[in-house]
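Have a look at the structure below, then the notes.
A, B, C, D, E and F are the chain letters, set down in written order, and residue numbers restart from 1 in every chain.
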């Protein structure tokens, strides 16, 4: 269980939000909503320990994550606006790199490309990808190595209907395995049985 | 009238599409659709003369645009994935720069910020903007100086409902003035009276 | 035998003359070999790709 | 013409905002030149002997290193394509950027050179020649450099490739610059060298923006 | 440990793919050293006198210029935050990157130095000392440089700021390196200088990755 | 026959296939004869002794170094101005050959320099400009290598080759100027040790051998590049289908 209690976050010396509570159980998905600039990205980055909480506590199964941030980092995937895809490497190499860094196996790499329907682009250097193909490559990282918590910041940007369906299937499979998802979005993700967290601009 | 007849485009020595015809009259909007990688961005960049047509002709009121590409460039706005917003400059400065380069006036800059509801961020350096605020700044360029043809590549990415509404109003006003729009998108733009151009993967 | 020894000695400049000729021949040979090998490889890949394609087209019909 | 001025104004504003680029190119020049006495040793005679060369080499390197600012940032965030879509011919856009580059790099170097010449114990006769050759030569550095900067645009981390392309092209500037100063230091006639340098710069003014514009257009395809 | 090796493998792959980085850092070294005789003039005696200084200054500059490859590209495209999220302590990630930097920069410089020493007419006695000081000193360049590279991450086009931060820190390496060679060339005992240089590198090994890691974390906030 | 007659790759391949063996054979034959003459027949020089034999590889290499750059720049101009499809390939194919010969001119010159001048290297005008020529070749090849899209790379490299071509004479001239100022009566200039015909002939034969070698190698490399281009096109087509 991933839980935040009475969280407050600052960006550039400004309080973005405060008194925020949330809870994600195994297999659950939490969707963050709110107008531009309300702090969705900020919250996701905080949950990934990339930002520090200004007040409150984030806990994993009851233990404070700031006690061992490395352990928390190892159990999450974060896909944000920057997609960490290297133009000089092929699609396959891009995915394999992150799988290897996280100690995953070869066959998951194939599975990840299959999950996002980019097997045919396997050997294409990423700099020649269209915006949507690029995004699929970034998302394939989620499947290429296992992690309990997925933090997704506007994951469907640039995806076509097919791509969105791929993502939905991947999320469903992840949840069926007991995984958790926390996603920020402006458009319908099309997931079933989700909870919403509405952020209000301060 | 902006017209393409029997257009073919190449990317990296590969034919992306061919035998494509389209026509945009004054006040009309043409929405490009198709799966990831089908060539929407390619077509928009070609219409902006950033890419060369491999075959066929693009004409403006009957004259080939390759005859005087500078003239054609001066009458269009292109907003793509890269948004040409400088983090070191404030929102106002970012918009003002492009207005000045295109010889526009001061009051249009205010109007542009008002149109995308970012007047309150006027003096914020762009590096502190959220994804949606960033996008609004990029889009404000459209209003800050006049141009007959708007080429928009997935303009609503990262925008919330309010932001999308701002864009819809801006497009409507532009069309009412006799402007033309050519936009690529995967999600509903919510414009009325548009024509669609479906691109098929080759 | 003396003539040959003298020939290889190059009037005491063997250490300069032979390396000079040697490096010229080596570089020229290397350039030649890499180019010819590259060309052969490209021919081979090209024919295999074309075969592949022809076979697939045949199977599609 | 108004757009042309607007582009120069924009680039100067950005140069000032983004960490005082002007100040920093200068700092590189100062630091490199001060490294030399540390590496070579403090003997005044040796330093004076190598002063013109060290100053010009450091100027070349400082100018070259600041080249990646010329187009790269604008290319990566899409500003460069917006600029070419402004309706101004690409050659003029390139020229505007070259002018800003000189104002933020060449000019500060020119102003700092005399101070460093004193540090390196350069003989007084050389001062006028140093200033004059820097005044004539640094614009050529910006002009020629623009070609290299434009050619390496699509190359990720093209910085070092840039140096491979640009430094050989800079060599005539270095040689004419140094030989003019040397001539002046030894009481000979520096004029022919300076005239050659001027001819080089003059020839670069029309040719380089044109070649760089061709490369810029290519990179946007 | 497996992740650590995976990161090094990744960085080496990228170095090879992105325009043969190794080859190019070397080329910059060669070019800078070539510029000096062009600036200073061809007299063998003068060149031999300044050779150790020129070689070390050029090595410093080459190492420094390739520093922007260290974190910047990974930072801009989000790879750096992905790396820190891999679960490996940030200090190790930084160390992996420092090792790659040395393999792609320090090592080639070390190998090229003797050739350049010949070109600059350096006296034969200096060769062993040159190689030894380069072997001990170049890792220190990568280690110290990493701090500067990490600190300038959030600064757009931080290249010149980087040089301002890093070059002063490089000065001890330059001084010990040059004085060891000079001692050897003049038939004196080079050992104390070399020991000092080694002490410097040893001290840098634990300290620098730690400091750089702190700076990297800061930049991701 | 129009300029674009050989633009047809198939026609070019056929013609190249016919010329290639002849050029290769001629190169081998001339090289054998030339080496025999240079190493055995030519008498040792009364001043330079047997080191004079290095001339027979050094001078043709140096000539080829310059010739290849002229060829490269010419091909680049044709490619850029008339958009001749084979010109880019010819330029690209000639660069490694030119770089190879430049390297050889440098190395053989250095080897010759040690016994003659007592040093491997001097910053003499001619030597320096050859070294810079070598860097120009390296830059040209690195640029080709660094840009993935071969059409873009071709155009970018052509721009560089032409700018470099303007620069080469300027460098040559400026380096001469700079050098004579510092080092007047230099030993380095061998103002023609009045070559006798006994030396001239072997030299010309070696030069011809190098030219024939260049032609044969250029054709091979151009055919290779042409194949690589086709392979890339096929692969790309494969990917989409």
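By our rule, a contact is a pair of C-beta atoms (placed from the backbone, for glycine too) under 8 Å apart; a residue touches a chain by one contact, two chains touch by 3 or more.
Not measured: the values here are computed from a predicted model.
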| item | value |
| --- | --- |
| Set of chains whose contacts include both chain E and chain B | A, D, F |
| Interchain contact steps from chain B to chain D (minimum; 1 if touching) | 1 |
| Interface composition of copies chain A and chain B: same or different, split at half | same |
| Chain located farthest away, centre of chain B as origin (C-alpha) | C |
| Which of A-E and B-F has more C-beta pairs touching across its chains | A-E |
| Computed distance of Cα centres, chain C from chain A, in Å | 52 |
| Distance between chain centroids, defined by C-alpha means - chain A, chain B (Å) | 30 |
| Intercentroid distance (Cα basis), chain F paired with chain A, Å | 55 |
| Chain centre separation in whole Å, for chain D relative to chain C (CA means) | 43 |
| Touching two or more other chains - residues of chain A | 81, 88, 128 |
| Shared-contact residues (touching 2 or more other chains) in chain D | 18, 155-156, 158, 161, 164, 167-168, 171, 175, 178, 182, 221 |
| Parts of chain B lying in touch with chain F, wherever the complex brings them together | 12-14, 201-202 |
| Chain D residues within the chain B interface of the complex | 2-3, 6-7, 9-10, 13-14, 17-18, 76-79, 81-89, 220-221 |
| Residues of chain B that touch chain A when the two form their complex | 11-12, 34-38, 41, 81, 128-133, 136, 154, 157-163, 186-187 |
| Residues of chain F defined as touching chain B within the complex | 148-151, 229, 232-233, 236-237, 240 |
| Interface residues, chain F side, partner chain C - complex | 35, 39-40, 44, 49-51, 53-54, 57-58, 61, 96-97, 100, 103-104, 107-108, 111-112, 114-115, 213, 217, 220-221, 223-224, 227-228, 230-231, 234-235, 238 |
